[in-house]
Amino acid sequence: MQVNEEKFEPTIVAFCCNWCSYAGADLSGTNRLQYPANVKIIRVPCSCRVNPMFILRAFQRGADGVILCGCHPGDCHYTTGNYFTRRRMTLLFSMLEFLGIEKERTRLEWVSAAEGAKFAATMNDFVATVTKLGKNRRLEDLRCKK
Amino acid sequence: MQKMMQDRARELLSSGKVDRVLGWIEGDFVYDVTPHVFRENDIDQLIYHSFASQNLSKYLVGETKKDGVIAVFLRPCDSYSFVQLLKEHRFDREKVYAIAIPCLGKVDAEDLRAMGIRGITGVTDGKERIILHTLYGDVEKEKSEVIAERCRKCRGVHAPYFDERLGEELTKEPLTDRFEMVEKLEKMTAEERFAFWQDELSRCIRCNACRNVCPACTCEKCVFDNAASGIENKAPASSFEEQNFHIIRAFHVAGRCTDCGQCSRVCPQGIPLHLLNRKFIKDINSCYGEYRAGADLEEKAPLNRFDVDDCEPGDVVGKGE
Amino acid sequence: MQRIGVFVCWCGSNIAATVDVKAVAEALGKEPGVVYFEDYQYMCSEEGQTKLQNAIRDYKLTGAVVCSCSPRMHEATFRKAAAKAGVNSFMVEIANIREQCSWIHKNKEEATEKAIILGRAAIAKVHLNAPLTAGESPVTKRALVIGGGIAGIQTALDIADAGFEVDIVEKKPTIGGKMSQIDKTFPTLDCAACILTPKMVEVAQNEKIRIFSYSEVDKVQGFVGNFSVSIRRKARFVDEVKCTGCGLCTEKCPQKKVPNEFNLGLDQRRAIYIPFAQAVPKVATIDPDYCTMLKTGKCGVCSKICTAGAIDYKQKDSFIEEKYGAIVVATGFNPIELNKYDEFAYSQSPDVITSLEFERITNAAGPTGGTLLRPSDGEHPKKIVFVQCVGSREDGSGCGKTYCSKICCMYTAKHAMLTREKYPDTEVYVFYIDVRTPGKSFDEFYRRAVEEYGVHYIKGMVGKVIPQGKKLMVRASDLIDRKQLLIDADLVVLAAAIEPDKSARPLATMLTASMDTNDFFTEAHPKLRPVESPTAGIFLSGCCQGPKDIPETVSQASACAAKVIGLLCRDKLTGNPCVAHSDELMCNGCSTCEKVCPYGAITYQDKEFRMPDRTMRTRRVASVNPAVCQGCGACTVACPSGAMDLHGFSNSQIMAEVDAICK
Amino acid sequence: MKKIQLSLLPKLLSAIAAKKALYLPVDGKAGADYKRYEEGDTLSRACRTNRSAKDFFFPQVEDMAAFRVEGKKIEIIDTRKENEDFVIFGVRACDVRSFDILDRVFLADPVDTFYENRRQHATVVSLACDAPEETCFCRQFDILAEDPAGDVAAWIVGDEMYFKAKTEKGKKLLSSLDVLLADGDSAPVEKEKKHLEAIQHKLPISEFNKEHFKPEDLMEHFNDPAWAELSEACLGCGTCTFVCPTCQCFDIRDFKTNDGVLRYRCWDSCMYSDFTKMAAENPRHTQLERFRQRFMHKLVYYPANNDGIYGCVGCGRCLAKCPISMNIVKVVKKIGGKKA
Amino acid sequence: MEQNNLKETLLRISGVNPRKCMKCGKCSGTCPSYDEMEYHPHEFVSMVENGETEKLMASPSLYRCLTCFACVERCPRGVQPAKLIEAVRLAVIRQQGMNHLKPDQLPDMLDEDMPQQALVSAMRKFAK
């Protein structure tokens, strides 16, 4: 993505669980609810599949924001996956913030298969927040651009 | 204490109850202490004083692969690592004879050097005071002035999974609140924190001392050494790599770290790595209830369990500022 | 290096209107590894699929990327088509450029650029894909039903009817469960025994069903289709085969002072006993806690009088090992302990009883022979107070339950109605918070109790019961009339909350089936898979899953049987190939993955490995049972060394997608 | 011999920095380390920096080439560039010697051009040690801490700093600073040298004898059973090798960038289990073999190939930094001590 | 607005969440002063929830509560009506001059048999 002075277009990676959030994203498409093209979705079986390594990897490779979406607590297709996700991400996000990474760059949201509108609204809000924040400088790896 | 330990070790060896004894041995300097496996012939050289700093529990992973029973001396902090390793099936309990020993707090030669105490040749330990014999004469200090950061927060209580106790259990009040520095950092702005950690982590030379000394890091093959993991790396080739290594390292021991402080002790660059671990411990305690890794053999680690009404990341992140 | 084909679908104008499909196909055609690209109007059509198959053959493709609608839509279609052309299904990836691109963006340039990126991510993933084959495992065509109440009985009968063998394990000496203790059933008021006992006999006579009464499950190993279970047959000191059930011993046994648990301790039985006349199996059991012979070695009366020679004082617990394809949990419920409810004086007065005790008192086979008499003095009570919701619907801080026990409203109405019918001179009060009667003919039943039988329904809770002489002073509020009442009752009946049987928790651990905080088993899905546990091969029948009345229990039991039959019908189980697997050379055996696995799919074994220095070393390593694993991936993140990975969504695949997106 | 008042040292440093990049040891949060001079930085008096000075010529990470992949095309990009001229100020005698040892590796045929480039552009200003640590043992390797090598040698005597150019490069540097420097008498320096030498003889690690490590004893040392005991506590971290001024092993690795590959080299450590790992397997399976490799290299293999010069400079960093306090001194005493 | 503020204050002082009430009436069924009251424990709870605090504050029922805590003890939902009543009383007292008990009333109330402590606690409870 080109960075120009007029408008900064952030790169956003969204990890969506197959059963709820990915379906929610599909629904927001079916309902033609707009959200910026900056968001690119990666499908995972469950939010608990998302390793902190993936999130850091995204930042390293030039992502400006990473959002993780899963089924609402209690609704996990695998019964308990998202509870583990919640603990892991709470700790990880808190650690990133502790290292001085802007806390707005990471987010965990619960989006059900029926919440197409919520998915679009969440993405709109997240893109706006990250855009305001500007380019990810603190966790990028300059070598990637060589 | 040292005499008591030597005697007991000799007794255990000669009775055939154990075949080897894991303890500490001194080198050229009093602080030049190395973990050592003793047998009957060299047990006289076993030492125990303020510079016996290494956590011995991790050596059991390798030592129990050998034949015979090994006795190990466990200071309070080591005993938690011991239990944590046991909990993760990292060594064979049958092959270990664990002896709990009291600890009055350890002293790091580098700290003393920074205080201007140099040329140390010997030490006399007391409960409250310590006398350091140096080339330039004796220096007497309050123990609380000189003991290492990791020992300041110690309560001196063993995790109750040892075979016998030598000496008495010394319970003590921590000299410092171990989360003080973490809280101080939390109160900073993100910019300040980033600057702080950049300054610290940029010194990292990725020697892996922190990882290799850590009793929680006992992977057969670390992700950072494994080309297939996708994050393998040998050098802090960019500021991202520096951060990535330390975040993942701390994350992998989150809920398993016993806060023994060895990582910071061994860092040749003096990076306060324990702060990362403590941040996790602090978050775990405040979000999921007090938890001490290695205190209990059965209790599930915080990241291996959950509550249906756990807090959301948003409830925690951003609350410091 | 893979040979990848890229197929960009127009989806009519759905995609093509906002995404320049030609540009996407061309851009992706330049990616390394891509040897063929094409765009077409409807990839999912017969024609489109043929294009995919032809390209696979003509260009010797090893993998394909279809840029089209959501994989939730047509992933299966394209995978099947590819498989037919000889490429493993799992070598096909979908780039979702409709729902997640063309439909949500208006700007064509932007949407095209995004579609290319999504395509690149899919290509990056395919590069790392490997052919996957689902594992197969055989199915043992026998089911185990744990619990012999009405739920277990119904499930067993239905399964046996389909021609499969079923074993029932019941911890009591007889099957029948709670229903055998009940007098009449609502809302039809037919006699419980009359409808239950024929079923019990049917079970006993069914050749496909074996009953292990007075037995418990001791150990469970294995997985769906292949459980191996160890059943402990507790010593009953009577040879089940020899005993004819004549009952002579139960009359001659000199030890008469044993509280009769079948009548909830309201009367006494002998040390050797048959719980009730219609027990199945009808075999005597010696209670080792009371038998003089077993305790002191002196007596032996039963042995002397037993003509069949069935008594065996030396009998020991024995174990049966059996293999099962499916396990049904039907462990049922119990009323909660009421000792802590001081205000209701349950432990102070024998005339404050639970509803189940009331059932026994009114049951013709019960301690009073069916006449309603007070336990304290055997007098006929003239004024009866029923209290509902005792221990149900509480806030969870006390000794009660947070849930509604569901059956109390109806059985209380039943009790009230029956009392009024049999003893019209008795005044009956029912204190309620709400009367909940959803169910066929339920509300009509309740209204009949009020309108035809004149039961006093009072909205309000009883605050205190004070035993005073022969009376029980009941202080309660009438919320509608705004007054406080003080009723001098003769009998107080408490509708105690029901809770899962205490044996359920350890059983759940054995089965690695999950439970909620109330110890009810959780369903695989609360709406869509209500009779299955998330652990494959474990099914739920009756109150072990939540409070239920008899009709609901029976229908769930049959539903459960249908699910079991569906499983046992199959000769082989084909798993989902996207499961976790552990790299044994890297695994530490630390057990972290096992702790987060919701399915109990991970076990550990000590294996010998040849180390680099040519020595052999035994190491504890994790192994995933692909038949049980559902592929959530929780273990892959829990594993610090990365030894645990997930087929189809591997660390390297996801990272490759990340890389492609962030470029 | 030139001299300057210590109080004028900042002026001198600015003057150097105005012409060339200047690096000098500065006290930091946790000990001294080299850094690029900025106005206000003061020269650390610590006798030892955390990291050695080898970084200047053999940095931990160094890009070698890049490959850009576009579609199916690959383009090779040369990342080499001419290094700027720079001065390292205040290098201790041990570290100065380490440059010689590295030179023998990197400047021998085939010449390592990355190293050579840096070496050519550097001027080394060494500094005599006035307060060695008890862990110092450079004298055991015939290094004179009181009279360091380098392009310019420096001494601090009282409140004056003396300089003596030892090479052409050094002379050039000093002459370019002529305005700030005064002529000095060599007598105070000579006196100081004597004093410093006397201190060094008092250091505790003076009795070990490296002379037992002769190439002809190779097999005997190699098979010494004592290695097992020495290495048993070794954690296999790379601390000793990374703080060591003479360890020169590196690994060449590829980093996947967004549009290609970046090939770089970075320090490697013989203590690591994947060191010199080849396609089939690893020649050294156990920590014992790896541990032995490191010390045999420093004490036997290197001198055997380099006119008897040992691969250790006695800087003492490994003594101070090893997590388990295992170090070359203990090895020399244990393995070599037997012969005496 | 006023009403709302008052309600919030009451809830804050008492720490009671009236929404937890399921209107079972066990509190009223257990209350020894029920017959003396115009409004009863369960009604206190719903009146506060409905914002009818003025009416409640004006009612003498407030002072019929013995603070025996039977309602608190037995409430199956942990609502704690007695604490709410206590809070309402406190709210009344906090309004200037609204003390239920005034020192000059005391002489009339003096009774030989009444323990001194009763007076002291009455003053504590009903006056400020």
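Read from first to last, the chains carry the letters A, B, C, D and E; within each, the first residue is number 1.
Throughout what follows, a contact is a pair of C-beta atoms (placed from the backbone, for glycine too) under 8 Å apart; a residue touches a chain by one contact, two chains touch by 3 or more.
Nothing here was measured: the structure is a model prediction, and the numbers come from that model.
Chains that touch both chain B and chain E: C. Least step count on the touch graph, chain B to chain D: 1. The interface with the greater count of contacting C-beta pairs, when C-E is set against C-D, is C-E.
Among the remaining chains, D is positioned farthest from chain C, on the basis of C-alpha centroids.
Of all chains, D has its CA centroid at the greatest distance from the CA centroid of chain E. Each chain gets one centre point, the mean of its Cα atoms, and the points for chain D and chain E are 82 Å apart.
Chain A and chain E have Cα centroids lying 52 Å from one another. Rounded to whole angstrom, the centroid-to-centroid distance between chain A and chain D, based on C-alpha atoms, equals 46 Å.
Rounded to a whole number, the gap between the C-alpha centres of chain A and chain C is 35 angstrom. Multi-chain contact residues of chain C (touching two or more other chains) are listed as 596, 638, 651, 655, 659, 662-663.
Listed for chain D are residues 255, 258, each touching two or more other chains. Residues of chain E in contact with at least two other chains: none. Chain pairs recorded as touching, per the definition above, are A-B, A-C, A-D, B-C, B-D, C-D, C-E.
Chain B meets chain C in the complex at residues 65, 87-90, 218-223, 226, 228-230, 252-253, 300-301, 303-305, 308.
Those residues of chain D that touch chain B in the complex are listed here as 28-31, 33, 50-51, 60-61, 133-135, 202, 204-205, 229, 232-233, 235-239, 241-243, 251, 253, 255, 264, 266-269, 272-274, 317, 319-321, 323-327, 329-330.
By the touch rule above, chain C contacts chain E in their complex via residues 343, 389, 393-395, 397-398, 400, 431, 433, 459-464, 475-479, 482, 484-485. Within the complex formed with chain C, the residues of chain A that make contact are 11, 13, 18, 22-23, 25-30, 32-35, 37, 40-46, 48-54, 57-58, 61-63, 77-81, 84, 88, 120.
Note for the complex: chain D touches chain C at residues 69, 71-72, 256, 258-259, 281-282, 285-286.
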